[in-house]
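Have a look at these structures, which come just after this line.
The two complexes that follow have chain A in common; it is paired with chain B in the first and with chain C in the second.
Let's look at the complex of A and B:
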């Protein structure tokens, strides 16, 4: 190792390309968005100093808060839907009943690898008023009056989207938990699997503490993932009807590129980052106190 | 060691097998639930593929079931109308170029982060972790401005560097995590043989890294292949658009001809699924190391 220690420049040179690309196209944009958020700017004419006015406007902007609320719905559905369901599937697939059936794992992970655009367009048709599967099924069961334009109902649309998110990403958490479970000594799991009626409950009680760290990491992942939601909404509802499915990213997009308020859009970007880290910190805090 | 493990296992198997009662009732419920979920996962895709072969009229009359006479012409028309050919070429170019660059740069960085001790090491690790936590869409607007300033918009290389930047953190973590397990003897052997630092990296480490590189390749590939929002903002020249962008456009323009849309989606979906099925072993195995999506 002695020979390497003298060559600090080699370390620097080896890290340089990665650090450079990553800094320029991931970190610098974030910092510059804080800077742009202090201006009134249409993106073309000279910037006008605006101080914190963008943020003052943001705080008074009802649509912004609605979009944050929708982001929180996404976080909630993801954390409370994808993680328990993923954990259940992982426990099942790791157990004796299904261990040999590779097809379950393959199929449950499949939606994760499909492009969100394809997923959105498929589910758009699924929810279609006329021939969509949901309405056709309702009509077939004589529940005609329940059939409706699912994505056009401002009260329901956001939850309808949440279902798609859970459908798409549960498999990811299943695979992560499955990987964690495979490191758990099999005796522990087999002992837990012993008897039927309370089997799952017991497995749950024994397994959850063992892979607690993985679950914590998944919650963080889930939160940052839910705040990234953009493609799905852009394709399925574009934030409508009347902003009822707007999320931070789509609102930022329309404010910047459709209303050409670059400064305001940058303020929304900055707010998303702050909220995202705030949520991650809160979740860490909650989980740390749960652990005790 | 192995033997010990085996005795342990058989011991526990013995304990488990005590009175061999019949399958508990709950097992049937779990089986039912999992089968139901299986159907929920497959059916939307199957439904679309089956319907892509119908006429518009048949779709609205009979959205379930198989087409009476399969309309293969839907596929030919979708391929032509949606200009899937050029989009496919663009997607493959951008995706592969970014993956190769990410793996090269990422493997090099991971090598130094994993195999060397230096002062800034823990800072660098935190710095790269940060990239996995930021909501990446928050960079849409500033990145757009940056690319415009650098005059990099609407170019074959436009998406190369952003895609590389977004995937570097996870790539570095997968590769460094894998390399951490290599014994110190690797470098020592290299020094004895008179290899330079780069020689050790190229001749000794890289070949050992192949399984992790495969996983990183697949994750990178899928991320770039499916990426939509940055392509949407940074590419406006329709000759340079990627597949997700092209699909979204196509669906917007032909928003009344659903069977055509379904055929177009199927054309894109099937190769992705085939790719997934052929590489899934590496993918799910490697998720352990990173345990993170891009």
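Let's look at the complex of A and C:
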């Protein structure tokens, strides 16, 4: 008992620095942001008590809801794009054909390593109206009327950005899945083979259930990543044209720092926390019921 | 149990040893410093921290950096501790450091915008009225430095004047299309745009990704030509509204130009450097941007490119005139309110040097207009001279929309104008209503 108690203290002491740092840089800013969201404040002059007015304005703010909708597109594309594609690539690379060839792993993982700024600039050039790769290719094939200003078309721009995100992060999930696949015991696979489960059947009925936990964890990662999306959009379109590619984080940033509405910006970030939390809870619930 | 204790003690000793080694390192360093200082000079230099966008290699601010370095050389007893922030990030950096109360000793104010005024009113900056005796009225007219004046107090001196609306045009393209002279009236200008479009030439290239370009170089001149110079003040004071006919008609003109196909399709997805390249590669007949655009153009254009300059044309029956242009004064340096006497004296020396006759001449030589009355040096860029001649008849310079209006309104205007110039985007009425709503907040 004594040893147990003492160990508890040692564990607590070991955790303390991490907890302190986490509180200082994560919990405290979140709480202070909730506090600021109750004020009308431009950052320079004294704060004015505003009560819940910022939240009332937020609910009536069409741009905010549009940015949340764009965030949901990101979540949808990420979960339905990155995860299946990553899984597919991982299974391919784990197969006999590619297993010994490390180069493919490197190729697919490359976009994850490249800095987002570089990714943004490369894709900006791809999508450029005059000389971009996409339009040049379309024109070369005689599909000139399909060529368009990809990032400037309010109806298309957000989906065009989704493609970039999927391209950028599929490799990450591929590596996670690859690691999980390599941990699938070969006895199980051999037994399955003896029972006549080969090909797709084996993958779907044996392999996927074994790595299900990894997949679920990846979905959570994926959702939170998509909700945090900022840098790529900030560089590629800056939320424009006319808010059409605005996501929660970019809207919060422009409202806070460009419009110097610190109170309103804090209200937006608080709302994003609540919405993200809700989404993660929903996804957890769905996955738990799937497991059963 | 015993073994465990031994382990703990062992770890403890290791940690203690490490701490001792680390602190010893720290100590030896500090003693080094002390001996170094006593060996140098008796007098320590006054260090002024300075936040700026100026950098040696930047074509727009390189000359300021060089002037500052010259100051440094002439005054070894003052040391500038320069922190360089990229131009596009500077406004955010400025407002956040000001909000945090962490402004350095010297702060570059790129322009006299609403954010600068907010910071000045918050008391974070030191007025320099007691230093203004160094600049005589006939050298630096007070009318030209008023953008750096808030509520009657001076907070800086601008280094240059820029016109935010200069129409750069490709003489050859216009000549081939049948225009030997640039249209003087807006109706004729619009007719030319239509004509160029029908000839499959992109009339104007804009790089409005950041969103301020169309505000400063299209909306502002159209507003001035229609309503004269007082419109923005009237809107700010509540005498007029964004939704009233005068401002609305300007928004409608912008929308009409966009619907005519006057702009490059991707004006809202490219920046002004890319737009300049479109123009210089012969893909558009005109390029509209501020007078600063001339630097990149004169640097990158091929020798046989025939460049023309024009002012924004006149509206028939409008209240504005060709003797007015849109412009702003830039590159002033403000002082932190927290400076002590020694630092203040050093900062005064710095300002005196940076805004002296010699410095202004360097700025001119680099292709800028200056607020001070100084003779142009003989070796000024000929292209720049040509541009100045085009603007010789200017009597009044009024600030653009994005300088006059508060930051939250310009953010709304950025998105509103992007919407107006996007096919299937917003309607002028909706944009005006958004603006009015934002101004009321």
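The rule we apply is simple: the second predicted complex is superposed on the first by the 259 of 292 C-alpha atoms of A that agree within 3 Å, B and C clash if a C-alpha of one lies under 4 Å from a C-alpha of the other, contacts with A are read in each partner's own complex, and residues count from 1 in each chain.
Keep in mind that, in the parts below, a contact is a pair of C-beta atoms (placed from the backbone, for glycine too) under 8 Å apart; a residue touches a chain by one contact, two chains touch by 3 or more.
None of these values were measured; they are calculated from a predicted model.
When the two complexes are overlaid on their common chain A, residue A:262 makes contact with chain B and with chain C alike. Once chain A of one complex is fitted onto chain A of the other, the partner contacts of A:145 are absent, as it touches neither chain B nor chain C. Touch criterion not met for A:292: it reaches neither chain B nor chain C.
Of the two partner chains, chain B and chain C are each touched by A:43. Of the two partner chains, chain B is the only one touched by A:179; chain C is not.
Of the two partner chains placed around the shared chain by superposition, chain B and chain C are both touched by A:128.
Looking at the superposition, the partner that touches the larger set of chain A residues, chain B or chain C, turns out to be B.
Judged by the touch definition given at the top, the superposed model places A:100 against neither chain B nor chain C. By the touch criterion stated above, A:7 is placed in contact with chain B alone, chain C being left untouched. Shared interface residues of chain A (contacting chain B in one complex, chain C in the other): 43, 128, 130, 257, 262. Residues 91-92, 95-96, 98-99, 115, 118-119, 121-122, 124, 209-211, 264-270, 278, 283, 407-408, 411-412, 414-416, 418-419, 422, 424-426 of chain C are the ones that touch chain A when the two sit in their complex.
On chain B, the positions that touch chain A within their shared complex are 8-9, 12-13, 15-16, 21, 23-27, 30-31, 34, 37-38, 40-42, 44-45, 47-48, 51, 59-60, 63-64, 105-106, 108-109, 111-113, 116, 118, 124, 127-128, 130-146, 161-162, 164-166, 168-169, 172, 187, 191, 197, 222, 225-226, 228-229, 232-233, 243-244, 247-248, 251, 258, 261-262, 265, 268-269, 272-273, 276-277, 280, 283-284, 287-288, 291-293. Those residues of chain A that touch chain C in the shared complex are 42-45, 127-130, 148-149, 151-155, 237-238, 240-243, 254-255, 257-262.
On the chain A side of its complex with chain B, the touching residues are 1, 3-4, 7-8, 10-11, 14-15, 17-19, 21-22, 24-30, 32-33, 36, 43, 89, 92, 97-98, 103-118, 121-126, 128, 130-133, 136, 167, 171-172, 175-176, 178-180, 182, 186-187, 190-191, 193-197, 199-200, 214, 217-218, 220-221, 224-225, 227-228, 230-231, 234-235, 248-249, 252-253, 256-257, 262, 265-266, 269-270, 272-273, 276-277, 280.
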